[in-house]
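Common to both upcoming complexes is chain A, partnered first by chain B, then by chain C.
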Partner chain A sequence: MGRLRYPLRRIIEGLITLFIVMTIIFLLFRVMPGDPLSIVIDPKMTPEVKEMIRHSYGLDQPMFVQYGIYLKNLLTLNLGESFRYSQPVSEVLAAKIPNTLLLFTSASVLSAVLGIILGRIIAWRRNSKLEYGLTLAGLFFYEMPIFWFGLILIYLFAFRLNLFPISGMIDFELWTLGATTGEKIIDILHHLILPLITLTTASFCGMMLLMRTSMVETMKEDYVEAAKARGLPDKVVRDSYAARNAELPVITAFILSLSASIGGGVLTEKIFSWPGIGYELYQATIGRDYPLAQGCFFILTLMTILAVIVIDISYAYLDPRVSYD
Partner chain B sequence: MIEDLLYELKGLWGENWPRFKANKLGIIGVVILLLFLFFALFGPIYLEMMGNSYSPLSGMDTSLGINPETNSYAWPPSLKHPMGTDSKGSDIFSQFLNGSYLAFLIGISIALGSAILGVIMGLISGYWGGRWIDSLIMRSADALVSIPFLPLLIVIAAVVGSLHLFTFIMIMMVFSWIGVCRVIRAQTLSLRTRPYIDAARVAGASSSRIIFKHIAPNVIPLGFYELTMIVGAAIITESGISFLGFGDPTQMSWGMMINFCTAQGHTFKAPWWLLPPGFGITLLSMAFYLIGRAFDEIVNPRLRKME
Partner chain C sequence: MNYKFLIILAILLVLALLIVGTNISEKPQNNYLRIAAGQEIKGINPFNPAFNDAYSQFVISNIWEELYRYTPDFSDNPSAKSSSDRRIFPWIAEEMPSYKKVGDKYEAIIKLRDDVYWWDGERLTADDVVFTSNLMLKFRIPPQSWAGWSITGDESYVESVQKLDDFTVKYTLKELVPIFETGALMGYIFPKHQWETIIEKSIENHHKGTDKISEDERILIASEIWSINLGKNIKLNEIIGSGPFKPADWRKGEYIRLDANKDYWAKGRILEIDGREYEIGPYIDGILRKVYRSPDISNLAMKRGEVDIAGISPSDIPDFEKFKTMKIEDYTANSLFYLGFNLRRKPMSYLSFRQAVSYLYNKELLNERIFHGRLPPINSVVPFVNDYWHNSNLSKYGRGMSTAEREYKAYTILKEGGFKWSKEPGFNIVDGEATELIEKGEGLIMPDGKICPEVKLMGARPEDAPDSAQANIMLQGWMLDIGIPAKYTPTEFATAVDKLSPIDGSEPDFDINTSVGWLTDPDPGYIKDIWHSTQMPEVTAGGSNYSGYNNPEFDEMAEESAREMNPEERREMIFKLQEMISKDLPVYPTSTVKRIQVYRADKFKDWFNRKMYGIGGCNNPYSYMIIKPT
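Then we have the complex of A and B:
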């Protein structure tokens, strides 16, 4: 039981967070002026038809009944019907989730690895030209508006040099002409490279700077001094002694930046018309497709909360010094 | 109380400025910041001087013809228009100046608002609060952290049409105080058991006096680093929202400039239009971060160099 208590508590906390957020969203959509149905109801329709549509969206019920229906629907993942697609929101989203996961996870892993490696190098060579150079360059990319960088990459590598496709995830012509699975995978990777570079470049520096700070702290520990005194090679002290323990705080700090990087992901998907949840959210918002916009937000929030919980729990197991009551 | 606090902070400044000066990256940050501050302060005067045709939102140079390269009134930089013109013949340098003013306005107001919120919440959580209030505040902080706020802003924009600047600033404040609160709380928790705090309490000092005179001056500097990060995040988030077209349509911010450039199909045709706002956002956020980091290396004892 003891080992299970912490994960259990975190999951319950996550559920409460999700509940609060979705309640805010519910109020937002219902309290704001404007009839959400106005875009699917043709003014020329007869009142009976209008009423029928209104009823099918549950909008003729009192507010608290609507809220009950809404919560029940969220629990059963019944997210309503998209106005634009005339298709259940959950079906629209199910098709997009893998695309978003592919882009987000590959970018996160890549930037974590890159950040940790570079971070321990610049911490070890503190106040060197290398540190100043890497910090300035990394910061420039980190503070850059991600969509702007994406546009520049598209201009250079897709528009000018014609190395990569300008947008999308697949080449429809290729896929309809009956490409082999291998060709399809290569096609997706070919489309993935630019958005992946955009997201990774924008986020690796955050990890790098965190790693540096954390490493500077662990480098003062006695066991690092002792390892140096034993005459171990520099690289061994750096990688196996100082860096090992410095990596853990970086993971916690990473959680804090997660919701910001989801924002970056949404912008990246929009720039590259990557068919994921973020791009769908943008389009649903432009098209005033409220159920779909709400569904996209629900999934993105769920993804963030899940990621935070998973990282939190694994952290508790990884670091024996941390005790959670 | 407040005078005490200011006095303590002043002492802190005199003690630390020499150390700050030695930090090269910090100095680079200060130089960039001063440059943009100059733009932001003198921009409005310049715009006033140049008159209506240089107005960032509605101005246009009627003497321009169509540029065959861009198929619009967008011309590359010239003497009359140091950064060129946009597709309707509006001066980009004027828009850029106005953008720096807006960036400061957005960044500083959000940072100040969340500083006040964060310090108050952190002190309550760490000093006044009992177990319940403390865990209520910290749990809400945890909840806020796991809300992806750019998507939330987009959803809000979906409902209200576009985010007025004031609305945007308010929402960002609600999401930005957490970092400051955590730092302040952690420090307060460790300070409240120190002997000098006990001594003050025994001497009859009130809780508010202890907090403002003895605890706040020691913990506030540690929150400063968080604040500089908030400024950057605020400027970048605003640009993202404006870029997507959900920003305040009455304000020509840097993000709005990029939005207009792409919306008018000039992304690949007019680099003089696309590049300046992006560099503005990047360099200004970077300057704030560099200053915050240099400051942190001084006041955060765990990072201090071994001398």
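Then we have the complex of A and C:
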């Protein structure tokens, strides 16, 4: 019963958090200066037409009425209609989320895999040249501006060596003028490589250092020393004794990065013209497209809350020392 | 090193090489024109007011067409003798409109061509024209032809429209005004057989009872129509237009493909452009418009041959000049940037102050040093590129003067206007001319004896427009030199718009504005729409007369010019309106915009660089219908 009560409590807390975050987001957009319909209204339109447009979007209603409609829509998962595209927000997001997931979730997974493997190795070989080299390289890539690195990769591998496409997710000529499904899949993968390398290179370091620190701490534990004393091979001690316990904080960071990956990345999407949700969120925010921006934030908040709940609950199962009874 | 890690790395590497090795399949041979675009299109519903951007309009303008257009090169059309603008010529119409006065009203007879066909093979007739006009008259749906909206509103000059026969339409007008030709007759015509059922269904959904459609119902109907998703609710291949290119494939965020209309009704028609005859095609297979969100990347795509036409910046020119296969063309857009003064506040309410600031703003120097030739200076609110209406005999406000000469002139004007200083600026004068500012002025006192308050220069933020920010900093420096307490206030664009034209009808909140510009129409009717006193935001919420310019003489002439059908007489009035603005300085016109395009001359020939609009885009529909593969 205790194990059920805890998840239930976390879900209720998550819903309350979601409500508070969405209310803050609603208010933040309304206190931002500027007319949200400036992207729709042509200054040369007659005042009557301008008013008509304002009315049709419900922006002539008092704020508490707008808030009421907003909450009602959220409850029914109706995210409203984008000012910019005059399309349901759910449709705009549905078109972009898979693209974002493909790139950013792949990058998160790849970063985590690389980070865990490399972190494990450098923790095991502390004070070696390998540790210094990998840490330095990781920090360098972690701190470098991602657009700069992306541009260099495009210039070298796409423009100069002609190995990869310059940008985008597909070859528009190939797709629109006829390609088989197989060719289309290969084409997407081909377009995926450079942005994936850029993102992974820039983000694996965080995971690697976290893994290293966690592993170093774990290696001081008595049971690891005991395993060594029992004469077990290094590989077994490292992978089965030290690494398994050291992976817990890394898994937390990984799940959070997975949930955040749905938000994409503005700079990467801009440089690689990747049609994802990050650039859309940026455009919606600066263009005061309330419904679209709110929709993006809703999905992001929901995913983050879900991730935190999953982490909390999974800890109870992953780590026998943790109990919620 | 861990062998598993090496194996994963090796697998990734092999996978990458495999993908690279197997890619890319041979692309089908084609003659599609590939355009690099900076943004994706928002949508293609022609009734949606949100789709007024140049990107969406590019597609829309290739689908639907107008009764009349401006001549491709903006030359006079000999048959437009009785028109308000001689540059207009018939497109879907057969000939220029004929007018007749009947009682206190006017009748305009429009003859249509009988060889215009919709894409589904139906003939375009008077029914379509009457249907389209009534749609706007009854529901006041803002159409997307940029000038076409003028038919809407209670002040509409169109009373009714009726079909006389299959190819003749009669408009009954309350008054005959130029905007009828440059607005209503330049709106797109839509096929009745596609839209009538949709609109009837919308009326059925929202109109209750048999009474006249109420205002609320009208809004619901209009917004339902503009919410129709073309591409989804109506599939791309079901859209019916009459234009030269049909939308065929649209992957949002990536590209849109338009296919050539091989049965285009105007095929074979001769266009005379700049004295040369062109036969209308289209000769290309279609247009592929691909989104590149970074100009650096679209430049690389152009160089690598992924696209055939792209916009570039002046600093890219030397780089592209190296390519023998490419040609670079530039054009001056019909854009208008200015310093806007808030005449409601001191010291901006003093003409001498506005004149002094105008002299201080060295637009020639800024264009050369800061904007690298991108913002050519202008002296009128009608940019020089619109030569039909441009008045070239206006004050140049210090053109050719050095900075010291300008500062001295500004100081003299302020002094003559009754301004004083606690410490006057000092100049080195040689042969009666200022050669150098040797001491900055301080403590400016206004003619009313009060100390001049801080003057805020509301301009773009450095992160949004670094060169404009630099220009603002320079203006601030010049003003400070002669003792004007100026302060550049970087302001985000939407905040600036909010301050200039508050939607609640309150007074604008700014001193001097440098952040707003307009892309003006070829018709100068916008002068009245912007600077008529009724357009002050405190009079008409959302109005565009931010400065608060209120000159009865100007208002009267602006109204008269909006009614004058004789182009020569109207031109005189427009010239006078430009003079008044130049003299009264509610705004000081500073610059227009020069744009540069690069294209593949080895792949396509017969490009036409249209005045004000360049070799492509939504306002040059002619280029794409005449270019030929080499």
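Everything that follows uses one rule, which is that the second predicted complex is superposed on the first by the 290 of 325 C-alpha atoms of A that agree within 3 Å, B and C clash if a C-alpha of one lies under 4 Å from a C-alpha of the other, contacts with A are read in each partner's own complex, and residues count from 1 in each chain.
The rule we apply is simple: a residue touches a chain if its C-beta (ideal position, glycine included) is under 8 Å from a C-beta of that chain, and two chains touch if they have at least 3 such contacts.
The structure displayed is predicted, hence computed values, not measured ones.
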Chain B versus chain C as contact partner of A:155, first or second or both or neither: both
Chain B versus chain C as contact partner of A:317, first or second or both or neither: neither
Which superposed partner A:13 touches (first chain B, second chain C, both, neither): first
Partner chain(s) touched by A:85 [first = chain B, second = chain C, both, neither]: second
Touched partner set for A:223, first chain B, second chain C, both or neither: neither
Contacts of A:145 with chain B and chain C, given as first, second, both or neither: first
Contacts of A:179 with chain B and chain C, given as first, second, both or neither: second
Touching both chain C and chain B, counted on chain A across the two superposed complexes: 32, 34, 151, 154-155, 159, 270, 286, 288
Chain A - residues contacting chain C, complex: 32-35, 38-50, 52-53, 55-56, 81, 83-87, 91, 95-96, 99, 113, 117-118, 120-121, 130, 151, 154-155, 158-159, 162-164, 166-179, 183, 186-187, 189-190, 193, 269-273, 275-276, 279, 286, 288
Residue numbers on chain B that touch chain A, as the complex places them: 24-25, 28, 139, 142-143, 145-152, 154-160, 179, 232-233, 236-237, 239-240, 243-246, 255, 258, 262, 267-268, 271, 274, 277-278, 281-283, 285-286, 289-290, 293, 302-303, 306
Interface residues, chain A side, partner chain B - complex: 13-14, 16-17, 20-21, 25, 28-29, 32, 34, 132, 135-136, 139-140, 142-149, 151-152, 154-155, 159, 209, 213, 216-217, 220, 255-256, 258-260, 262-264, 266-267, 270, 278, 281-282, 284-286, 288, 290, 293-294, 296-297, 300-301, 304-305, 308
Complex contact set, residues of chain C against chain A: 1-2, 4-5, 8, 16, 19-20, 22-25, 27-28, 30, 32, 34, 40, 42-43, 45, 48-52, 140, 142, 146, 149, 152-155, 219-220, 222-223, 226-227, 229, 232, 248-249, 251-255, 257, 288, 290-294, 296-297, 300-301, 303-304, 306, 492-495, 497-499, 501, 503, 518, 526, 529, 540-544
